[in-house]
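Structure below; questions to follow.
As written, the chain order gives the labels A, B and C, with residue 1 at the start of each chain.
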Amino acid sequence: MKFRRKYLAIPYVVFLFLFIIFPIFVIIFYAFTDSSNHFSLDQVINFFTDSSKIMVLVVSVFFAILNTAICLLIGYPIAYFLARKDYNKNTVLFFLFIMPMWINFVLRTSATRDLLFLIGLDGGHYPYLATTIGLVYNYLPFVILPLYSTMIKLDNSQMEAAADLGCNKMQVFFKSVIPQTMPGIVSAIIMTFMPTMTTYVISDTLSERNIVLLGSSIASAFDNNNWNSGSFLAMIMLIIVFISMIVTNRFTKKSEVSESIW
Amino acid sequence: MAESLSENPRIIELKNITKSFGNKVAVDDLSLYIKRGEFITLLGPSGCGKTTTLRMIAGFEMPTSGEILLNGSDISKLPPNLRPVNTVFQRYALFPHLDVYDNIAFGLKLKHLPKDDIEKKVKHALAIVDLEELAERDVATLSGGQQQRVAIARAIVMEPEILLLDEPLGALDLKMRKEMQLELKAMHKKLGITFLYVTHDQEEALTMSDTIVVMKDGRIEQIGTPTEIYNYPKTAYVADFIGESNIYNGIIKDHATIHFLNHDFEYHSKLKTNQKVDVVIRPEDIELRRTSDRTNREQNLIGTIISKVFKGIHFEYVILSGEHEIIVQNTKEYHVDDELTITIDEDLIHCMEKDYDNNIFLDAIINKNNELLIGSDTYEIDITQLLLDSKIDSDGYLVLNEHRFDLTNAEVVAEIIPSKITISDDLSLSNIHAKIIESIYKGDHYQIVARTEDEDDYVIIDPYPYNIGDIVSLAVKKEDIKLTLKGDLTKYEI
Amino acid sequence: MVRKILAKSYVFLILLILYLPILVLIVFSFTEPSYAVGGRQNTNLEWNGFSVMLYGQLFKNKELMTALGNTILIAVISAFVATVLGSLGAIGAFYSSKKSKKFIDGLNQIPVANAEIIMAISIAILFTFLGSVIFKTSLFNFWTLLIGHVVLSAPFVYLNVKPKLAQLDPSLYEAALDLGAKPRQALFKIILPEILPGIFAGFILAITLSLDDFIMTAFLRGPGLLSGNGNIDTLSTYVQSKLKLSGAPAELRALTAIIFLIVITIVVGIIIKQNRSLKSKKERRNF
């Protein structure tokens, strides 16, 4: 066979098909079958009639929104200050903010738990507060990174033009800065929203297992060998992933998102 | 001319080369030969197929059909690494991770030449391009002109039989470009190898080439020496593309007279009476004299200066005579609103038989609504044909990827095939009205010529005859109007 | 001026809060834990006088050391595989037709946007199914774990390499062919050196993702590596299992302190290197 550059992609494409695409179909198969592999809508009925399962979804979405919002509120001004030359001239501070990313997150969560115990905010007594603190601790660097990378490219002349045309400082911020940093905001949301629902180690550890998020209930379904119910929950997640993909695609071009993350 | 060409061995011969990308034909049944040792230039606007032709000779594109002969043997299936041909690329394509020396030595190292030979050859190449001191430099630290020289050295060190140059001066500024033009010409002389040069810059082509091949729509429009192409353009298209020119519709009145610009000029020719012609007058060939009270206003062509621009060695005037504009270059200074007598020497009038096979409008303009203006008539057109895969955005700009083009007032050549024009007695069918001036039976159809109020002639093929003098309406579908941009598309980028 | 001070103090306040748990943990890494009746370690933070005992204990904790070794091995191996696979994928896709390029780009975007747990579980089901129905034995071992980590990181290698290819002058490859290089030579001598920074960044990112991973490991591990016949534990799964039972063993404080030190060293190194290259760029410009 003659060498052609495009053939180099074949191993990767085969790999993606075997271990990404095909397994997704396996999940969909199990979501709609029973333990003897016959077609069944048991899981659909199960899910929508079991209020505790619906609650898990509601609580998961609640934490995802809450965590994303808090991280953006804290992280946006920080990214702005770090990226603007008039506030900060070197990259050391920026590195300090994203450095926790390189310490194992379970280890970090454990440290947070120890601290919360020390000051009496343990998850046994304050599960919601402890979980929220743990989530924000973990995801703040992931929000600051993409925001910083878009803000470093902020077009000063556009902001000056806005001011020149009579915008006050507030208006400049909302009409020029926010729209320009939209790609960064979108990727920050991508990096927090979905993982909050599924990275169950944080919520399990910090709420002392008082709060069950979607990831946690999927994991325990599989731990109990209940593939069908676990698959159905995973499929619900998959639908949420799909919706969020469509929504984010509408806000920014795909390339901008994927490139500004890293 | 042809005989003297055939005495020289042909180093490259293209035989009926066609190249299509999808259903777009880039090069259309092109045949051409190149003499050993000459400096030949493929000249034409963007999209005329000149670069595709070069890339097929280099081996980067395979022709859809046809043969490429090198020294008589077919190389059209050979990959580029096996062809004794080297290329200087538009943006140099230097290897950024190698220094100047290693860039030039790259091809020699692949040939596994002994180290000493490589060094000798690289040094020689560096000397030719005058860069001996920069061998150790990182290519990223070089100026555009220096990078250009490295690119040339890298190609000539391979001692190719033909050096292909794909718009190599396009990225340089004007002063640098002029300098490099002369240097390339000198290099060609010194090396004695064949240069095939591709450009859209007619001045560059005229300055450097032994032979110019003017291309249009994937075909050759004219081949000749720079002086032949300049002085005796075969078609109005060539005349318009090479140098500045005034092109008018003319009619041969008799064997010694031609009528154009609403005036009779002395012109001896063997063309038949009433033959319609395109008349080309170069702006520098027009003589001006102040009109005085003694001037015979009946016998002389008289015009008024409406604009004046100082161009360094001469002034360029636009003179209005009747409804015609005449561009004139003259060293004498006149002023706007001066009334002048215009004379043109018989030898400097160049006539071309009008091509009545096709409707070609050289002075068409795109207006701000992306419509085509021919004279004062407007047509709906599809401007996306000017750029493959482009779209029109909501602001009416042509977009492709990140590039946006504002084609308002862009000058284009418009072409309409006679059979695509719908002609009708019903004047409400379109707002383009014309008077029938000719209707000839051609065996199975009538060839009709209709003239609009602006004196634009349309050739129409229709199964039915129309009476001379009738007023008719003309309609053309927008997909049937073919456009070619004058000059390069990049100048319209915003 | 006031705004600047306010901004600075806000930044430093958040920074302080962000690092508080780790700093507190480091402080408590220099003390001894107390033991409850029955020899059980009290994992709560309490100060029992200065001591470096935990640092000694850390290296004696075999389970933890095995987990640490596994973590590093799997990170390096999976990053290597992911880098080769992802880079080749990006190169191949870039030089494919527009249509297949778009297709592979889209395919690559699925694992990027997808939740890790969905991918982990779907691969786990696939192997459980294959193992129980076809092979009649458990398929979970080092290889399934490797697949999981590669799924996690290869798409990001792809995303790192792709823009580097797009920045290349498309004529470079043709220029190499033109000078007599075979397609393979042109690729390895010209294209590869040019995109090496992207490949390297992808490799580092792959290591980071693998080091930090919990979910893939939890679902796809089996016996192997340093764990021998036992299930492979990485740092994440080890710590998580301890947290689930009683609380993190006190030696982890020492480990956290050491990791923190290593990360700081690396970051300082990066910053120094950045400043240097910035300086030399400036000097070059002046030259």
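Assume contacts are C-beta pairs under 8 Å (C-beta built on N, C-alpha and C of every residue); 3 or more make two chains touch, one makes a residue touch a chain.
Fair warning: this is a prediction, and the values are worked out from it, not measured in the lab.
A.B. asks: Relative to chain C, which chain's C-alpha centre is the most remote?
C.D. replies: B
A.B. asks: For the interfaces B-C and A-C, which has the higher count of C-beta pairs in contact?
C.D. replies: Counting C-beta pairs in contact for B-C and A-C gives the edge to A-C.
A.B. asks: Which whole number of Å gives the spacing of the CA centres of chain B and chain C?
C.D. replies: 57
A.B. asks: I'd like the Å distance between the centres of chain A and chain C, where a centre is the mean of that chain's Cα atoms.
C.D. replies: Each chain's C-alpha centroid was found; their separation is 17 Å.
A.B. asks: Can you tell me which residues of chain B touch two or more of the remaining chains?
C.D. replies: Expected reply: no residues.
A.B. asks: Taking each residue of chain C in turn, which ones touch at least two of the other chains?
C.D. replies: Those would be 182-183.
A.B. asks: Going by the contact rule at the top, pick out the chain A residues touching chain C in the complex.
C.D. replies: 3-13, 15-17, 19-24, 26-27, 30, 74, 77-78, 81-82, 86-88, 90-93, 95-97, 99-115, 117-118, 137, 140, 190, 194-195, 197-201, 204-205, 215, 218-219, 222, 227, 230-231, 234, 237-238, 241, 244-245, 254, 258-259, 261-262
A.B. asks: Under the definition above, what is the set of chain B residues touching chain C in their complex?
C.D. replies: Going through chain B, the ones touching chain C are 58-60, 79-81, 85-87, 89-91, 93-97, 106-107, 110-111, 141, 154-155, 158.
A.B. asks: Help me check something: in the complex, which residues belonging to chain C touch chain A?
C.D. replies: Those in contact with chain A are residues 4, 7-8, 10-11, 14-15, 18-22, 24-25, 28, 43-45, 71, 85-86, 88-93, 95-97, 100, 104-105, 107-119, 121-126, 128-129, 147, 150-151, 154, 156, 158-160, 163, 182-184, 187, 201, 205, 208, 211-212, 214-215, 218-219, 235-236, 239-240, 243-244, 247-248, 252, 255-256, 259-260, 263-264, 266-267, 270-271, 274.
A.B. asks: Which residues of chain C touch chain B in their complex?
C.D. replies: So the residues of chain C in touch with chain B come to 169, 171-172, 174-183, 185, 189-190, 193-194, 284.
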